[in-house]
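Below are structures written as structure tokens.
Look for chain A in each of the two complexes below; its partner is chain B in the first and chain C in the second.
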Partner chain A sequence: MKEAIVIGRPNVGKTLLTINLAEFLGQRRVEVMFRPRDGAAYTRIYSIAQARADLVAETPHRTRCLQSLVLSVPRGKGVRKVVVTDTTGLCDEIHPSSAVRRAMADTIRSVARAVIILHVVDPLQPLSGVDLDILRFGQTQEGYALVANMMDLPGRAERLPELVRAARPAPVLAVSALKRTGLGEVRAFLRRHL
Partner chain B sequence: MARFDRRRIPSGGLGPKGSKTEDIFGRLERGETTVGEALRVLRLSTARAEAEPDSGAGTSAEARLDESFEELDSLVGLDSVKRLVRELHAFIVIQRQRAREGLAAEPMVLHMVFKGNPGTGKTTVARILGRILKSTGVLQKGHLVECERADLVGEYIGHTAQKTREQIRKALGGILFVDEGYALARGGEKDFGKEAIDTLVKAMEDHKDELVVILAGYRNEMQQFLESNPGLQSRFPIQIDFPDFTLEELMKIADLMLQKRQYTMTPEARRVLRERLLHHRRLPYGDENAGNARLVRNLIEKAIRRQALRLVGRPNLSRAELMTIQAVDMADDETGKGKA
Partner chain C sequence: MDDLLDEPARARPPAGPASAAYACLLLALAAGLCPRAAVSLFLAAYAVGMLPSPVQRQPTGMAGWVESAIAVTLSAALAGPVETAGSVLTMLAVQLLDDAWDLERDRNEARPNMAQAVGRGPAVLLAVGVYGVAAWLDPAKALAAGVAAAGILTGLCPLPPAGGDGGVPVGAADAAAGGKDGRRAGAVARGEAVFRLAALGVASATAAAVARLVRHFRLVAAPAAESAAGGLPAGPGTGPGDLAVLPPWAGWAVLAAVCLLAAVAVAGLVMAYRRGRREGAEREKRAAAALAALQRLADRLDSARGPGPGTGETDHRRS
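After this line comes the complex of A and B, so read on.
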């Protein structure tokens, strides 16, 4: 099964995007596989609402290990399955917590093997540091897209043209994970690269 | 969900490149470097990996493709068929590349007609073809759904379309293999078979990208069938002839079959088998089974059963005895002798 990963800075809405995308693709429940470094991987089944409540937080670094879920993306009359891996937020500096550092290392590892990379950003923050590094890496990859999240919030739409210019030739998908807009574009992108 | 595609980075320290990237992950974990630095290393190493594509392990799709071609090549005889399958694969690959370059690409209509006697390898080749099409990404699943008239044609009005669509649904993403395809036109104008053909043709249009239909059957009957339905010829642009196997090829098939089942035959048994196969070729009206791998299989399976009957109850059987097919096992039932 091909793997798609969702990466970005802490608190840009990676997990919410993943869960709401699952819902958008018609999933009522999600089976999430956690892959902590210390201990065996385990799976847990959530309803969409539960997943949102349990996995999404307003503080950074709620996601401490790779969380994978399998999504079915309709393609023609059939479906293709894809493992979507939600990752730990990446930051510029060396993080003091070894657990977070480990999770980040796992995240970068999964970047190396993913076929699809959804790079989530808040358009209000100019691309810099780690975001630029992800973008530059992504521009060499076929299945990379820059996901401009939080489009429902003020000030974001104005910054979009700038992002599109910076991302070229990679595509920019404008979404609001919270308001669930633009998810159709994400689906179309997945479909193209599965 | 445990298997991920690891085509970009060889897992855990394989070769210098693998260890280099592993190294950066370790440093990242120990807090010796930043995420940005790790990503830069990664970008450079994947750029290098792409520049020298043979250094890492091949993609699993490629490995599967090689396997499928190997399997195809291991089939006895069928040289023209093998060539055609290779042609087809090359055609798909090149059309894709042309499309990527913005050149006009031929539409990929891959519906086929397989013409040949029973037991000449039509189903086997179809199955391998399914895997090849899967590996090249034309078909999502590449599985084979075998059906025949009875699976497609219903008993009352409206029933046929329903049954046919059901089979098509099962075959989506793979190959719908209609055995004895000509039988669909058997009953004449009022027969429901015609409805099955219409439904099939419509599905071939609707599911252009996710269904390959193969109609298989006797050469002459298929020829008549296609000629009597002018619209069909053009919808099945690929027609593959499966010639009968020659006597030598049949003997080779016999050897392979026995080998697979861990049996051997004595030279006398070989001679008897050869004679029996020859006998089928000499039958008046040309026995349709004469050039047929199924005939060989039946003869061999029969011989295996008769060997078992000969040996059962005997004490102290050696390994060699258990493995050997003798002339008496291979002989024709009716005469009980070595001659057919």
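After this line comes the complex of A and C, so read on.
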């Protein structure tokens, strides 16, 4: 099964996007596999509402390890399954928590093996150093897309053309994970690269 | 087909992912009714569609202008050079008008647009001039294509989406669960689809009627039955495809332009192949360098010790 990774800075909406994408694709429950660096992987089953309540938070670094779930993407007359991995937010600074640092290192290493990279950004924030590193790698890959989230908030739409220019030739998908708009674009992108 | 290619920034095509299939069906019908005009107009639309971004690399690896040259050459070989010239000029006029109409939106979305280079007013004037030349070459086709384009743009203009997701009903999950909002959104979307199909049908019928009337009242010369200049049958009511209907100087000019385009197309193919190989190697090098940088960052994170509280230390990974 191919793997898609959702990556970006802390608090840009990666987890909410992943959960709402699962709902958009028709899932009412998600089975999330947690893969901590120390310790065995384990699985939990959530309803969509429970997943939002448990996994999404306003504070950064709520996600502390790789979290994967399997989505079914309709393609032609059938479906294709893809493992979507939600990750720890990446920042330029050294985080005081060693667990977060290890999770960030795992996130960065998983970029290389992912077939699809959804790089989530807030258009209002300038791209950080690690964002630029990922963008440079992504621009050489077919399955990379920059996902401009929070498009429902003021000021984001005006920054979109600048983001499109910076990301070229990679595509930019404008979404709002909170309002669940633009998820059709994400589904179409997944479908093209599965 | 154009709306399907323009996603994700554009409004949804009315038939969603099936737009390509419906576009092919319509093209097959058009080719059955009027082969030469259908082929030349389709290839002309293909060629003109890449003019706003001629150097952009296409999925074939070739630049847009190379594919345009190939399309025009194919059209000239299949439908004849005069038919091709008329179709190219007609589609160019339509493209210029469309770009003038979408100027603001394309500017905001950083999309290629020919009117950005010349301005909205000059683009419209240029469209009128180009359309005039197309009408001189083939009045019936130019008139019919103009009416059809107006009807199609009306039928496919983006209406307010039924739901919140740019045309995809926001209540899709709700509808699947039997919710009211999803069913209402679905009904509105179906009504829109019917309106658009009706608009397309009216436009098609009007265009066909106009072409018939022009022929009936002999506003142009009778069409050549099987022209030696093109391989396709003329079909009922098609325009002249034979160079002989033009003044000699115009016929030679059209022929010279087509030969030049053919030479350009071949040269472009060769250049594109060689460039593709070179760029593939460069891309692999860049990917390896970027991946190595990310790997070094991951190693530094693994070996780093966190800053003490209040020390204000930051990651000097770039130093």
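Going forward, the second predicted complex is superposed on the first by the 194 of 194 C-alpha atoms of A that agree within 3 Å, B and C clash if a C-alpha of one lies under 4 Å from a C-alpha of the other, contacts with A are read in each partner's own complex, and residues count from 1 in each chain.
One rule holds for everything that comes next: a contact is a pair of C-beta atoms (placed from the backbone, for glycine too) under 8 Å apart; a residue touches a chain by one contact, two chains touch by 3 or more.
Every value quoted in this text rests on a predicted model; they were computed, and no experiment measured them.
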- Put chain B and chain C onto chain A via the superposition and say whether they clash or fit. clash
- Message: Just to be sure I read the superposition right, which of the two partners does A:94 touch: chain B = first, chain C = second, or both, or neither?
- Response: both
- Once the shared chain is lined up, is A:68 touching chain B (first), chain C (second), both, or neither of them? first
- Message: Quick check on the superposed pair: does A:140 touch chain B, chain C, both, or neither? Answer first, second, both or neither.
- Response: both
- Message: I'd like to know which partner A:161 touches here: chain B for first, chain C for second, both or neither.
- Response: second
- Task: Would you sort A:17 into first (chain B), second (chain C), both or neither based on which partner it touches?
- Result: neither
- Message: Let me test your reading of the model: by the given contact rule, A:173 touches which partner, first (chain B), second (chain C), both or neither?
- Response: second
- Considering only touches as defined above, state whether A:6 meets chain B (first), chain C (second), both or neither. neither
- Which holds for A:82: it touches chain B only (first), chain C only (second), both, or neither? neither
- Scan A:115 for contacts with chain B and chain C and give back first, second, both or neither. first
- Item | Location of chain B clashes with chain C - one stretch out of 7-15, 25-33, 79-87 or 151-159 | 25-33
- Message: Just to be sure I follow: which residues of chain A are touched by chain B in one complex and then by chain C in the other one?
- Response: 92-96, 98, 101-102, 104-105, 108-109, 111-112, 129-130, 133-134, 136-137, 140-141
- Counting only contacts in the complex, chain B reaches chain A at residues 1, 3-9, 21, 24-26, 28-36, 38-40, 42-43, 46-47, 140-141, 172-173, 207, 209-210
- Message: Quick check: in the complex, which residue numbers of chain C touch chain A?
- Response: 7-9, 12, 17, 57, 108-110, 164-168, 170, 172-173, 176-177, 283-284, 286-287, 290-291, 293-295, 297-299, 301-302, 304, 306-307, 309, 313-315, 317-318
- Query: Which of the residues in chain A end up touching chain C in this complex?
  - Reply: 23-24, 26, 28, 92-98, 101-102, 104-106, 108-109, 111-112, 129-130, 133-134, 136-137, 139-141, 160-161, 164-165, 169, 171, 173-174, 179-185, 188-189
- Touching chain B in the complex, chain A uses residues 1-3, 33, 68, 70, 75-78, 80, 83, 90-96, 98, 101-102, 104-105, 108-109, 111-113, 115, 129-130, 132-134, 136-137, 140-141
